[in-house]
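Step one of this worksheet: look at the structure below.
In order of appearance the chains are A, B, C and D, and numbering begins at 1 in each one.
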């Protein structure tokens, strides 16, 4: 691709970008939030029509004006904001636009099922194909989106931040899939903010910044620090405020139960205590009951058993940004205001003080470095990461007593993540919150990103099949927790057997 | 869409506008009527003189505006209330009942009382669909449509049995007392106080929706129920109830206004499908309260002019609804043209409203 | 109450009343599955009735009547499609307009053809066809297999549509367009084209139903569609956009209407408006017993591509 | 009201004589509304008047339309339906020089005159015929919307039927619409299934549904008959309609218009169009005259006579009430 430019309104998202990638390579595309990564790839897959571009695929000039052109040219993409139909089953979603499906003929569910099996055997990637997507957890949806692309068997595969909601093992899987695809001579374009993944997985790297290419390199020639320096233009990884000793209890769940829509047990006798000033980390593979747990912790759902005591001011960062946290057709200001309706500072009797709210939002946009034209821009027009920042900005403000954060840094670039962690730590410290000198808060961090948990949690639990398993300080290790997440067992099967061998 | 597409669309719109205009003219000419005469009578019958504008266009606009507001409230909040028709009838039944029984009280007391009861009745009529939606998850589109038919037959019962005129002969109620009738605000024209009420509703609602917390939450619910529940920490069932009641009471109020302002008694067929026309009124106004006032007046003019077409130009009634339709279609076409011309930027795959029937 | 009135005759009546509704609703359900809410079908019904009547008169042929009826309904739907798809106009306003246009211009044409004060037109009438052996099944035979051709058409349409919707990839593409055009487009489906066909099908069915109305009562008169368009839309929702339940819903409504006449003529002294209410009240009650959320196609009544601002 | 007469007569000298008609339904119904339209057409031809018609959609616009006509010099306005009566009184007061005729209205003032069609007389005779003809001693009535004129015809029909055979059962079914053919057909079919073998109706265009139902029943070999109403419908379905209970609306309109031009317009009283004036009657379908026993034919004539010279009292509903003005 050469000379790709795209303006949205006045602002240019892509400015004369050139991007080249070869068959048989894994090519990472990185850059800060709003750099233009997604837009560039949407251009390549015909979802955004560029103001100017000339695209050459396998040598010949190609004009890609519609998704159909892109398919014709063998381009396929895993979308950052999923393109799945919730009301349809996984299988139906996979059949849609699948090149095995003959136009208008009987749906070859059989073939697709079989294909799916093969993929499962090859890659270990799998989701029950007869479930409805709306019943799937975000993690599972991400997997469906990936399967959809693989089934279409395109020549050029674009993955837009596929790893942000996957468990470590699943990420590892995906990386090996990339490798295999590359070996088959396919082109893999991989967008992520997890720079270590970039370093380990990719053959070549292109860095975007403010819609321009600022660097082309190869992993051998650089490292995480180096990359983030180019991306952000400054060093990251500044040390974070160390938390003080925990204080009074803010949350207590005792033998809490949750029953799913189909009567299945989602939470089994969960016991949990969160104290002010501490971060409780909950690791787990998506789809083990996190949904119910966070809804109970954030006071949105009554438990189906057990007792729950919650504080008053709770901030909640859900995993499904588009569906649960933001109203796409509303502008940034209105989306933040969702969290201010009850806030006396922004109310005069029943009236909302919009001028005051807008002022406040302008300030947030600056502090959180949200890339937007103005506080009146619709959030649908924001980049994925910037959308996430809007959510964080709103919810952190609310977390006077408790913050329930679900994969909070999904889609955030390194700098933004750092900033979030700082804010989160500040919550824990006495009176350090900018305008309020409230009591310090507690934090529950539910994440599929083990790193995140290990580096910030004071207490660590693993959620498995709706059970909450406490991890003792002693055996905190990547391996142990990883096993717990996958098997729910503290000791692995072999050693148990060997124990038995003794007597 | 690219600029190219949007200019194509503009061309399409323009030609559609021309086409509809030509079609209308051609159809009329074929029927042996002079398009110009028809157009003239249409305009004179709606804007011909101040008296006509006030006495015909504005008077006819009143129910359309108020019911249009009812629809707007609902649609803005993501509630598909197709039942304004029935809520209007509920309002007129309650209105006439109270109106007949408060004859001997002073107007400043009896008239507001009629309005209140009419609004209340409309709200109650909307309550059943609301509860069925919240408790049983039955979509409101179908329940509200059904409630319309029930209301219509209920009217035909009420005017033949409980509230039938004192002579017990004709299927309509007695006339309400002079003191319960709305004063004419512009002497000589039929323009009654109802218009002021309508305008007050317009202003009040746009303030409520744009400047109050609850109004904002309703709009948010219209944008996304789930996000409003999770991030707005709002009690959706409560917001739904509020929406239904508010929408229903407006449609009911319209009934009260018609009784006290125009018919002074309850008859069958009081509403020629206003509840449905109002949907067009609201949507043509892009669910903007102020704009509803304008589109409402537009439809009022259309119906007033249509009457004149029959009287002056001798166009058979059958033609009238056809011509109304063509006018409506050409408005749609030009509406698109304006959108294209005024548009600054185009946003990509955004869902505006979610329909859950 | 039934003593003087056999249950068979009652069910027969129920089916007779249900048929036009069922045909309209089945067509509309396909349109709605593509994300288009066409409340203009009332216009298609009445147009179908007129065209059907005129054709049947012209060539005194039931079949041609049916065919031209369908075409008439299709034409009105095309007008709707031009605005909704070509100009991306609002579906509900456009539907209101096409309804008005249909009712208006059929009146105009009828008067032009048969005089301002109307005149009686007599048409060849739908005969009820008997299916040789099935008819002899006790009870059910006469009810289901001694009906007009339209009824058998419904028998055919239901399984056909079911298979189309859920077993073919055309069906999958149609449903996807209705759920989320953005996804469908990304999958390389021509959204507007699919919607065009869906609207056309809805129009043809409505036209056919209209022709049935005219040919079954052996005449055409203005407004003879009698608001069946709206009821049909309710029936589609009742039937949850699925062929089989839709026909069930139509049957239920037909039965309620039949019951209404049955009760009236049984000389009860309940005020008659309550009889006339019966179908709607019963349907409401049925809905209340109808647990579980009814889920509409995700993009129903939404413009595509989405409007700006 | 002499003043009224003067003003009107003086008016009638002036060259342009304007007559307006309001109907609340389509005039293409080949029935109630249609005959009214024929009425003013007749006036146009015979008195070369300038005529105008508007179909109203809601009681809410009655005042507006009446006022519009009155203020643009329409001195004679036919408001064709009782539903116009209240609005007519209101507008009548504002325009004393205008005369408003309210078909089957129930209120009158100096210049608002109810035009009462005594259709119940024709229906009474139809009732007699029906109960002579029925083999099952069951006859039926299919009604559109239950309004006084319609109910009057049914009470008349029933009275006529019972007068000759008290054992006859008279079934009734309202369809709640004037022109829903399919519903009318279904209602009629139900009545036939219940054993009614002579059906009368009082609907507009929906009546075709009734005749169709009878046709189909006969096709199945049942001995069933239909009867026409309002206008002479004998030719609508000649093979199944025994006869029609009729009112001659156009003639009645013309009569009134002539009275008006002659300045003899009744003031402050109703105008009756009934047996005497030959405006209401029962007309045998010549095609089926063979089905009538000679003595039945004779009976019809005697009943007609009896009604005209008051020997037979036909039940009537609705009464008149004076509003405003002075006797």
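Throughout what follows, a contact is a pair of C-beta atoms (placed from the backbone, for glycine too) under 8 Å apart; a residue touches a chain by one contact, two chains touch by 3 or more.
Because the structure is predicted, anything quoted here is derived from the model rather than measured.
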Interface with the most contact pairs, given as the two chains involved: B-C
Approximate Å spacing (C-alpha centroids) for the pair chain A, chain B: 46
Centroid spacing, where centroids are CA-atom means, of chain A and chain D in whole angstrom: 76
Chain centre separation (chain A, chain C; CA means) in Å: 47
Inter-centroid spacing, chain D versus chain C (mean Cα positions, whole Å): 35
In chain C, residues with contacts to at least two other chains: 107, 110-111, 116, 182, 222, 273, 276, 295, 298
Interface hub residues of chain A, defined as touching at least two other chains: 47
For chain B, residues contacting two or more additional chains: 1, 153, 156, 160, 316-318, 320, 344-345, 347-352
Interchain contacts (touch definition) - all pairs: A-B, A-C, B-C, B-D, C-D
Chain C residues touching chain B - in the complex, by the definition given at the top: 37, 79, 82-83, 86-90, 92-94, 96-101, 103-105, 107-108, 110-112, 116, 182, 222, 230-231, 233-234, 237-238, 271, 273-274, 276-277, 280-281, 283-284, 287-288, 290-296, 298-303, 305-309
Residue ranges of chain A touching chain C (in the complex, touch as defined): 45, 47, 66-68, 71, 79, 83-88, 92, 95-97, 101-107
Interfacial residue positions of chain C with respect to chain D in the complex: 4-5, 9, 13, 16-17, 20, 107, 110-111, 114-120, 122, 125, 213, 216-219, 221-224, 226, 257-258, 261-262, 264-267, 272-273, 275-276
Chain B residues within the chain A interface of the complex: 1-2, 211-214, 216-217, 220, 223-224, 226-234, 344-345, 347-352
Residue ranges of chain C in contact with chain A within the complex: 167-170, 172-173, 175-176, 179-180, 182-189, 295, 297-298
